[in-house]
Amino acid sequence: MSAPLLRGIIPPLVTPFRDDGALDLGAFEANIDAYAGAGFSGVLVLGSNGEAVSLEEPEKLSLVRAARRHDGTLIVGTGLATTAGTVLLTSKVADLGADAALVLTPHYYRSQMGLEALRRHYETVADASPIPVLLYSMPAVTGIAVGPDLIAALADHPGIRGLKDSSGDLGGMGRLLEAAGGRLEVACGSAPVLYPALCLGASGGVLAVAGCAPEATTALHAAWERGDHAAARRLQRLLTPLADAVTRRHGVPGLKAAVEAAGYHGGSVRAPLLPAPRSVHDEVAGLVEALRQELAAA
Amino acid sequence: MSAPLLRGIIPPLVTPFRDDGALDLGAFEANIDAYAGAGFSGVLVLGSNGEAVSLEEPEKLSLVRAARRHDGTLIVGTGLATTAGTVLLTSKVADLGADAALVLTPHYYRSQMGLEALRRHYETVADASPIPVLLYSMPAVTGIAVGPDLIAALADHPGIRGLKDSSGDLGGMGRLLEAAGGRLEVACGSAPVLYPALCLGASGGVLAVAGCAPEATTALHAAWERGDHAAARRLQRLLTPLADAVTRRHGVPGLKAAVEAAGYHGGSVRAPLLPAPRSVHDEVAGLVEALRQELAAA
Amino acid sequence: MSAPLLRGIIPPLVTPFRDDGALDLGAFEANIDAYAGAGFSGVLVLGSNGEAVSLEEPEKLSLVRAARRHDGTLIVGTGLATTAGTVLLTSKVADLGADAALVLTPHYYRSQMGLEALRRHYETVADASPIPVLLYSMPAVTGIAVGPDLIAALADHPGIRGLKDSSGDLGGMGRLLEAAGGRLEVACGSAPVLYPALCLGASGGVLAVAGCAPEATTALHAAWERGDHAAARRLQRLLTPLADAVTRRHGVPGLKAAVEAAGYHGGSVRAPLLPAPRSVHDEVAGLVEALRQELAAA
Amino acid sequence: MSAPLLRGIIPPLVTPFRDDGALDLGAFEANIDAYAGAGFSGVLVLGSNGEAVSLEEPEKLSLVRAARRHDGTLIVGTGLATTAGTVLLTSKVADLGADAALVLTPHYYRSQMGLEALRRHYETVADASPIPVLLYSMPAVTGIAVGPDLIAALADHPGIRGLKDSSGDLGGMGRLLEAAGGRLEVACGSAPVLYPALCLGASGGVLAVAGCAPEATTALHAAWERGDHAAARRLQRLLTPLADAVTRRHGVPGLKAAVEAAGYHGGSVRAPLLPAPRSVHDEVAGLVEALRQELAAA
């Protein structure tokens, strides 16, 4: 296998908007610079938490261009509703320096997305892609969980290199790891199970909460790497409440509020998402601060 | 209330593609012409069954332009992931002669799509729209069922005129009709419950199966209108197996195969959808033919 | 087919308990007597709304004995976790004068309850039963929806006479009716869809709300029978809010409160059910009274 | 805290039946004796995998009496549909020497089983019980996942000592562990996540697969206890396919076939469960043998 793409901690970057909805590229760049010493092994641009579905293509490309200032792995979300559209966008972001493309399972016609349809989609994208392709399984959004049969069918494709599994289902992740048989990297996309996922064999974590808690997530990963399970378990315990707040409970608006509370640029959201109300800002700021104090006390 | 938009039977038109994936506008126009005597009260363009998510904007606009040759109500699906995008597309199709915009609930961030987010989305779209807006509830695709609270909040908006309910849940439709209190038209979007939905108060049906069974659907509606419940029930019984095949079981590829079998132009699908295999072509052709014979025998 | 078992309106009788949890057989009998002029075609004892799972066998038998004072059809719920237990209880209630046994799909090991397991269960029960057997599909409780394949497999069994479908899914009910092909009676078990279910071909309704709204339910059925669809639709609209309150929202405690508000005996519930709080008593009393006034005004 | 109840590996014992359905107590006792050297810390009688719902009370009590020959912790499933019934059965099994009662969430009226109903149920049972009470969360059967709010409400009750979590959701288990704050033991009830659950803080495993793979499960636990994570992960990988077969895929019939293949007494099942077909016997025998060879090779 070539150099790993999904090791360590990778934050899906938020996309800051001005209050009028315009893209705030300066704030986006400032975040990347501010994360420079955080110990991230890479960044993900145009993920769900980056509001990719709310961006026009020129905006997407300008974000990828800007993200290339990051000196680790640059992963870009390129999954669109059609296979052809995904191929095209993947090609464009590869030209701009992306290291890998993260491709969400197509899902609009989910009842028709059987093994064969998904297999052909990923093979077509990977055959055409100049950069490695990563599968993305996020059943909470798509209603589709990537299964071991799909992994087995794709693991030997030279252009497919890994999977982000955001299901939170570690039984399922175990089956995917078994099907991958060491041929694919499997990253955990669900922060509340990061530590046990690493134990099970996950290569790293691609986690929204990393953007508002860089120290806690990288410290957890480091503790696990050096075999300090007690520390890793403790950090997991500290991390979960904030992770729940910025994903399950308050979604992207909550994440952006927490990113802001952690000293980075969150910015507005685009409708139909509603901006986080004051109560959510206060709640996530409290969680960010509590986590910081716990880390300092350790 | 102004002239009704959702009375009678309205087929969501399929979008025929050539084998190389190119839009076949001629086939699309030929279908509209061929449906001319079918008794439809309108047509829906850019719906789910029209593979709207697989179309580029110029393709969408050319389809709307072409559909204006239809002399009944022209409804166009304009729901996109963002409120701003939906506003813009709605304005463009209005300029091209659309009579109403059908707006699917935004759903990518479904856990954040509470009452307030949906209310603001629809109000913003309707405030800006030159043409009447119709809500579209399709929980099988979106995971979101429009509820009576949203209907109650929107029913008095002068720009909002109705709802397409594809849930198939008639208890829920009853609650929506009650919340609407006669201020909105409610169309049935699930063919297996068309007849009982009409009994309950639905204004009409927007039904995929209509595209491959115009006579059966319009005959059912006519029977119901003249109070011939026995005939309506019988037609419902005849219609359901084909409706199940072209929606629940085989999706858009199955629908296109059935449209073809019924003598219209189905054409290819765009990936990641797979073309219907031979077995599905045979199955739906058999169902189309069986339905035709039953109608002839009656 | 023999005399119908599931025509008209049949209330699942509540089982009144004293405050100390003891069975109040007198109250149960008084309810049956009070319903005498209501126009019900039968009663159901030991259904879900009768808290059958909270009763010991001697209590069950005493309720059946008492219910025999009703002079219409006496249907008794006899479905237990095992086939053998269901056979035995069915035999005992037959000896006490039950006219038919309503057998809920076994469901504890639901992942193993495929077509074959269910088919054998019902065949074994029906082979052994001295009285006709009725299937009972209630997916909200069991996670199992009886499908057309099971109906097709059982419809010719001489001991199986019908089905109570409480799914509320009229598309599904249409498929069951088609599979039954007139060989089985299909009753609607979901009050919010009673009128459209009758239109579709249901033989009658077995409905919790009938116990607190006898007039509205029997009037709806009568309106439908005489072909007065406008009246039936109007009664459906009036009935649904109360039906929702005593099933979906407040369950058996809410039903018992409403039965009490309607002038019958509700009584206590057995734990782990909690008694309805004052607010629920007030709410359902308001709904019962509102419905009464609407009926009087008509 | 007193001596632990849920440490190590605890198999839920199957209940062998003869071909005519009669309880085979001798086979049950022989199994316990055969497991004597397996390193189990206890046994569970009358669990879901013990077909408790298919047993009469006298049978249940005879099984508990027989299980007392086991010299580790004797846990007995006593959860019934009513609070009163659960109290009574718990008292009877305590008299027969049970060390703890495992109480499944009541679930028949699941829509009414909110926090308050469940809290009162468990408090009433624990107040009356002579032996410690353990909660049992098995959402695949019950539709109810025990949440952190219930755990927080019950953790200080002196009679409540732990929880078996069979959800397989480790994010959820993390939240339960946090809510328990060290006051309750939390056992993993889902074998495919045993190893990561132990990492996260689970006290042990109560696992169907233990009955047909004693060595693999106890070796996994031992590896984890001595900090040999590589061995634990490897054993997890070996264990999952068999665990999936005897729970998710083939249920109790599959488990009994595997118990038989492993050299113990499986016996028949009671209807409506169907006996495992020959193909399932062959499949699980193959998995049992493959696991044995892998262990021997290590």
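Just so it is clear, A, B, C and D label the chains in written order, and each chain counts residues from 1 on its own.
As a convention for this text, contacts are C-beta pairs under 8 Å (C-beta built on N, C-alpha and C of every residue); 3 or more make two chains touch, one makes a residue touch a chain.
Everything quoted here is computed from the prediction, not taken from an experiment.
Counted as hops between touching chains, the shortest connection from chain A to chain D is 1. A rotation of 180 degrees, rounded to the nearest 5, superposes the Cα atoms of chain A on chain B. Of all residue numbers that take part in the contact between chain C and chain D, over half occur on both sides, making this a same-residue interface.
One finds 35 Å separating the Cα centroids of chain C and chain D.
Separating the CA-averaged centres of chain B and chain D is a span of 50 Å. Shared interface positions of chain A, i.e. residues touching 2 or more other chains, are not present. Looking at which chains touch one another, you get A-B, A-D, B-C, C-D. Of all residues in chain B, those touching chain A in their complex are 21, 48, 53-54, 81-84, 106, 108-113, 116-118, 120-121, 124, 140-141, 143, 248, 250-253, 270-274.
Against chain B, the residues of chain C that register as touching in their complex are 168-171, 174-175, 177-178, 190, 192-193, 195-197, 199-201, 227, 229, 233, 236-237, 240-241, 244.
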